[in-house]
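What follows is a group of structures, each given as structure tokens.
The two complexes that follow have chain A in common; it is paired with chain B in the first and with chain C in the second.
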Partner chain A sequence: MLRGSLRNEMKHCLYCLAPLPEHFQWKNVFLSETTLLCETCRNMFTPLPKNVCPKCSKPLQKGEETQCHDCIRWEKSTHWKGILEHNTSFYVYNDDIKDFVARWKYRGDAALALVFKEKLRRLYLQNYVDYYPVPIPLSKERFTERGFNQSALLASFLATPYTIFEKLQWMRTHRTYRKLKEIAPQPVLHALRRNIDEKKQSKKSRYERLTFTKNPFVSVSSHEVSVKGKKILLIDDIYTTGMTLRKAAYRLKEEEAASVRSITLFR
Partner chain B sequence: MREGDCVKQQPLLFVGWGIAAVSVALTDFSTGALSFAAFLLLFTFIVGRKKHLMFSLLLVFLLFYMRADMVEKMNITKLSGEENILAGSIIDGPYRDGNRAQFELKTTYDEKLLVTVFLHEAKEIAQLREITPHSSCVLRGELKSPLPSTVNFHDFDYATYLKMNRIHWLFELSSIRDLTCQQSSSFDLFTLVKLYRHYGLEKLDTLFEEPMKGIAGALIFGERHFLSANTEEAYQKLGLIHILAVSGLHVGLISGVVFFGLIRSGIMRERAETILLWILPLYMIVAGFAPSVIRAGTVVMLYIIFRKMNVSIPPFPLLCYIALILLFIHPYYLFHVGFQLSFLISGSLLLSRFILAKRTRMTQMVLVTVISQITAFPVLLYHFYEFSLLSFVLNLIIVPVIAFLILPVVFLLFFLSFLNVSIMKMFSQPFNILIEIIHRFLVEATSWHMFHLVFGKPNTFFLWLLSFTIFWWLYRLDRFSIRKQKMIAPTIAVIFVCTSTMIAPYFNKYGTVTVLDVGQGDSIVIELPYRKAVYVIDGGGVLPFAKEEWQKRKNPYDPGKSIVVSYLKARGIGTIDKVVVTHGDFDHYGGLYSVLHDMRVKELLYGAGDTFKEGERHFLQYVNGLNIPIQWVKEGMGWKKDSYSFHVLWPERNMPPGNQRSIVIYTELGGVGWLFTGDIEEEVEEMLLQHHPHLRAEFLKVGHHGSRTSTTSSFVQQLQPVAAFISVGRCNRFGHPHKETLQTLATNGVNVYRSDEDGAIQVTFSDNHIHELKKATEMTGQIKKPCS
Partner chain C sequence: MFSYFHFLSGKRKKTDLPPHAQRAQVAREVGPLSFDAFPSYFPSQLIHSSSYSSELYSQLKEKLYGKELLLEELQVTKEEMAPFLKAGLITARIGIQPRKKGYICLRCGTDDLSLFGSYPCARCQQTCIYCRNCIQMGKISTCTLLFRSHFPEETSFETYPQSENDILQWDGQLSLGQQKASDKIVEAIEKRRELLVWAVCGAGKTEVLFHGMAHALKKQFRVLLATPRTDVVLELLPRLRKVFPLTVISGLYSASTEKHLPASIVVATTHQVMRFVDAFDVVIIDEVDAFPYSLDSSLKYAVAKAGKRESATIYLTATPDPTLTSRVQQKTLPAVKIPRRFHGHPLPVPKLSWCGNWERKLKQKEVPKQVWEWCRVRIESGTPVFLFVPSVTSLQQVTDILKKLHPNIEGVHSADEERLTKVSAFREGTIPILVTTTILERGVTVPRVDVAVIGAEQDIFTESALVQIAGRAGRSHNHPTGDVVYFHYGVTAEMNKAITHIKKMNNTPIR
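Up next, the complex of A and B:
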């Protein structure tokens, strides 16, 4: 998906273009870790606090003890109950991130997605090795406008072949031993299509989002992308109310997906 | 998208390949070198996978292999060994130790020799002083091969060591009159600096007093000749020897002082840097040009040069490339302890920058000590077989004292000595006392045996495992410095690896009897299976030759130290259950002085008697001073250890001191009888046969080094030995072993193993079998010096 070389960029911060100092230390002297961002830009990403909702990763408010009110509300509804089993997010969605996402998505700096690659893969290997990544699709118009689908880009990271260390980790999570050759990541399933061009989610109010009942997603019914009986991992950038993810999950459930979970970068 | 996880420029990978190439070339494809190369190859494939990287690594390998191979092939002698008269110029020295002076000579054919001159009178010292480096000399003497006269297991291979210094011959001058020197007339800068160094050392030798002299020599000139052997050994044992090497801290301090001194005196920064660039190489020559000096000096110089050129190169790759360049110029450096430690420790401290950052001074100091000690650990083990736990604490205390107090003081005093000697002497007094106190303390600390862990000679697998776990430890420390629980696993791993190698002998079902080759003398080490006990019978010994004070050497040859103790350490033995002193002759107990000092000895067995020779009495007093209990043994006594029993068959009461009073021990090991006879002679043998008419011994230590006065035919016929060991010096002046003895043994069909020909002999046995018999000359491949 992402083509081209990062050779020159590697010495500079991918976001602010400040030169990256080369550090030699024990942790990278043999196996180098790729640093793409400078320290200031890295600090922009605030990890979620420890006490988050176990279901949707939302930081818990006062009065919420085990689950956030949103999740309780979702589960009360007969229509949405059990549609999306779980969501994991990495960072808090704040003003800095808003700018970051704007540059990434709307101004076409697709390479910024690389920032999340390692973290995504690590989480995927830890918890979701047998899940099929499914990106949230864009409508045709939106795709031509942006030139790329950020969710598909993130999902594609999960499908690149494993390194040896990752294969070992795979065996550990599965608690089985297999020939290294046979261990390969699950392919990305482009199981959904987006038909109606709706208003951008971010330009809608919460009320609008929750009441717009028409589901924009259509499942692609073909033999190759059948989700029947499969575990599905939806990939998206932001989880705000969870409506989009649930609508997508709804379609997948209709196609008899075994379970649907999601990873989103920001919450 | 491979760029995302590509290897950035990996200087360490290049160093690794350089090292692999050199070690493969120089060690004749040894398993250690090959396994390292194989591991590196695998690692590179996993990590690298980039064509241009692989290509350049291959290039480095080939280049270094060819270079090392070339150096090795060119490193041959041009001399036949018959030459009596040689001409050349002195490149280093002369350094006098007692009645002997040594220097390195470069012959007119460009070959290096180690020349030894023996002095006969005290006034010859003055003559020797007139000889300076870079004078051209004509010498008359004898070429001696550096081949050893004793060969033991896990020996220090002196001949190979010299070969790595490109020396193939020793040249011995019986008198200083055989040496005619003329000061060189051409004076280039290099010669001049070396001459200054020589005069500086002379000045130290004459003006400074004892403890200060040694420290000053080491700290200013990188020359440890003035240090007493005891002190130097204490530094080494306690892991402090790096202070005495001119090292990074040292060069850094000196250049710092010079730099800021220049700036203070009103010189511009740029100018000061240029001046420093000129001074540093000169100082490197003054400080003896050891690898650690070269490393420290070049790093500072390159740092300044790159600063001037406005190029920023991170220090770690810089260090790596300096190591590579040095290795290319001088491949033998790979085996140099100083080279290994210097680069390893400075490299690991550079890698630990983020571990050390944002900490308090105190934690930083502790961390620096811990990191440098732990990275040096495998190298120290490889070379010295032991490690002192005190080194952590002592480094914290002694290093700052030496570096920030003694070092500046020594330099100041040295400069002061040019102005006014008496003032210098006055000022040096308190520091002399301080150094004396430190040294006394250090020497004392070496005898605290509980802190010294003797690991024994580590095998390659263990070293690998240890290095891996240590790397893992540092990796974790770097990565998760905050979280303590992340450090538990690697810490346990390091401790586990260390203890497993230390307790391994206790699971070994084989025991050994080793007849060491201590030259003329006896020394036998018995290790019972599962290391239930370790016994040492005698410790060799060579009477020191010196009579007058000036003749005394700082480090006289002592087989006890260089053979017995180092063998025990290589075997990982720190505690001896019993030391048996068969009788009071110096070639039996002389070496035990160092054995008793360096090892924890539970008990000493000595033949009971009424009168003692003077030397014996001195020895026994020494034993008392060390608080080692002495058990006076006589005929009929003995001891048991599990199923092993040892019987003392001799001496009877009222035997005169000397050979007659030798302790004779009979035991059964590996299901057969062993008789250790000390120096007994005919009469005692007869008495033994009378007392024990049914005595049999499959293995016999032949009495009195195979002298014709013992090992009578009747004795051999009675014992019916299968194998006999003769512990005897190569080309000894007594003519041992005598033909008659060999004849007696041959006619009785006894296999004879002679330490003068076979080197040390080791018999391995299990509870009821003799397993194998090994000769050190065959195991080590060392060849003995021919008799002249």
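Up next, the complex of A and C:
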């Protein structure tokens, strides 16, 4: 089980390990909302600006009104057209986040994934309840080297049962009544495998990423993880060019997935 | 139940060691295990041959000298490592050990459960516990091994000159107080005991160490000088290299290049010390009380672990913390005081000045009248001023307001990239007032300086911080006095303690 502290309470900030101030709040009792980060670390995560591309969550530049140039370019290509329907991201990828991700992935501080747990679950309940989470896999070598797959950790958050408070919140935002039992998460599908062991994405230039045409992903052909006719939600940590996600989505589309969307943490 | 009565009867079962030293003891006792103890870690198909390359032999020997490292730090693969373990030249132990309650990380000594994390591990197919306190140095989990060398010791890697005069090439003079402390240090090293050197700010602590270190080198001891800050390592290295020209001295800090050099004097930041186990005969800890707050106990543990079981430990400080002082009072820790600065003048005693609700004033874009007036007088007379503030936000506010007084006034804080250039500009005199957070409370020497604290009642200004701040003034031989003012909004116990501390030091005779 993924835990940031072997005690039940969080005594230290999950990232900088500074002692957390102990405030008693009723919110914590009722919503089981736990503060994991201290204030300075929380401010490190800059939310994306208001005017982002509705398709891929990229902050819009000057001259781009409804869609970003990247999305238009993707849609022009016959190969990639309509492969990835939509991407939602949470935060801006900046230098602070780079350090954060380095510690999370390369130093192996797996528990840092917990930072995004609540936000992911809320978004999933709101928009993606009938989608099956599929994490972007790591190659076998990298997986054993690192000991965990950060995307799989994120995906596993979505599949754990939802508390009654989360469900009530869902009903409040959707203004519909649905039997509480019906709001059940879909299981995580490990529908993809990564075969080719390539350079780390972060060590490649944009040009390299876009021209390395071979698709490293292979779909797992077994009955339990069949994606046929299912709505799929890809989970990854960083969206830079969108190439990785599209390559994965391409394989899923080949297996006749109904639609493929994605959630990424940083953009 | 039994142990409870035991406690009531006043007999304590455990030794009187402080908690970090007890944990270091535990860490030493966890025996290194031989090769066969880790069948899952080294599956038999991994071991192709039992021979190892001689190149790797010397490389590993150098890297592991006195240290305990991870595979990633050694940059070797499991296959390369296996034959060494089989031959018994290297032993391994699991980095995280279960204890009576919870776990202990053998590298940083953390046993606080809230600093451990757990995750489903792909390597061992189980839930692994890992230490989050020292993760920046590479992950230690319940399935990672720490490697330690048992290479046969060669006689010595350098030939020592026999006389102390050859080792130590220094002809400076020690003051009366320094001489006394120096003799005590030599004695403590000789008898392998602990010693607290309680010296006022500006007493010349480094010089006091020279004779003791020379004595240790003569006896072929390895010496560790641990200090909390990189700046101090960089400052000490050239000084030590000058006075010990024949000795190999290595400096370890996070960006240093000479990490794998086996040396007889190691000057290291306390983080780097974590990697050493049972390596030093003499451990000198500079500014024991200055360890960063959150890492406090693990750094003490690291220092305790780095020394051999029978080693001399020397604590150097101007402001010993309560645990040290209580041990001195209980006579379990011998101590020597240097109550006078090297120039023989007393420490400037701080004055208190009430300045009202300064936080509200700052919001109104003003500094309190008293502060403004004090600063103006100093600028007119051309006296450099250190102005300490409690936080980075107030630092910005105060700097902006004071810029009206003189455009060159600057502020520095720990994350400031121009920190070093600003401090050197202040030394040269182009910046008349340097506004700073507590980062400059130690080790910075500027002649003729006057010092003030705004908001001295804040929690961050503890007794030791206030004493250190007061110690910035009057350090040079030609200007032994200086003005120290604590501007406050209500006197705190810490402020009173700091003043009594300084007065007491001034009244202590040098025997």
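The criterion applied here is as follows: the second predicted complex is superposed on the first by the 235 of 267 C-alpha atoms of A that agree within 3 Å, B and C clash if a C-alpha of one lies under 4 Å from a C-alpha of the other, contacts with A are read in each partner's own complex, and residues count from 1 in each chain.
The criterion applied here is as follows: a contact is a pair of C-beta atoms (placed from the backbone, for glycine too) under 8 Å apart; a residue touches a chain by one contact, two chains touch by 3 or more.
Model, not experiment: these values are computed from the prediction.
Which of chain B and chain C touches more residues of chain A is settled by the count: it is C. When both complexes are overlaid on chain A, the residue A:Thr160 reaches chain B alone and has no touch with chain C. Touch criterion met: A:Leu2 reaches chain B and chain C at once.
Residue contacts after overlaying the shared chain place A:Glu22 against chain B, while chain C stays out of touching range. With both structures placed on the common chain, the touch criterion links A:Thr78 to neither chain B nor chain C.
By the touch criterion stated above, A:Phe148 is placed in contact with chain C alone, chain B being left untouched.
Contacts of A:Lys117 after superposition on the shared chain: chain B is touched, whereas chain C is not.
On chain A, the patch touched by chain B and the patch touched by chain C overlap at residues 2, 5-7, 10. Those residues of chain A whose C-beta lies close enough to touch chain C in the complex are 1-7, 9-12, 17-19, 103, 107-111, 143-144, 146-149, 153.
Those residues of chain B whose C-beta lies close enough to touch chain A in the complex are 1, 3-8, 10-12, 43, 46-47, 314, 316-317, 350-355, 471, 474-475, 477-479. Remark: chain C residues 102-103, 112-123, 127-130, 132-133, 135-136, 138-139, 141, 294 touch chain A in the complex. Within the complex formed with chain B, the chain A residues making contact are 2, 5-7, 10, 22-27, 29-32, 34, 114, 117, 160, 163-164.
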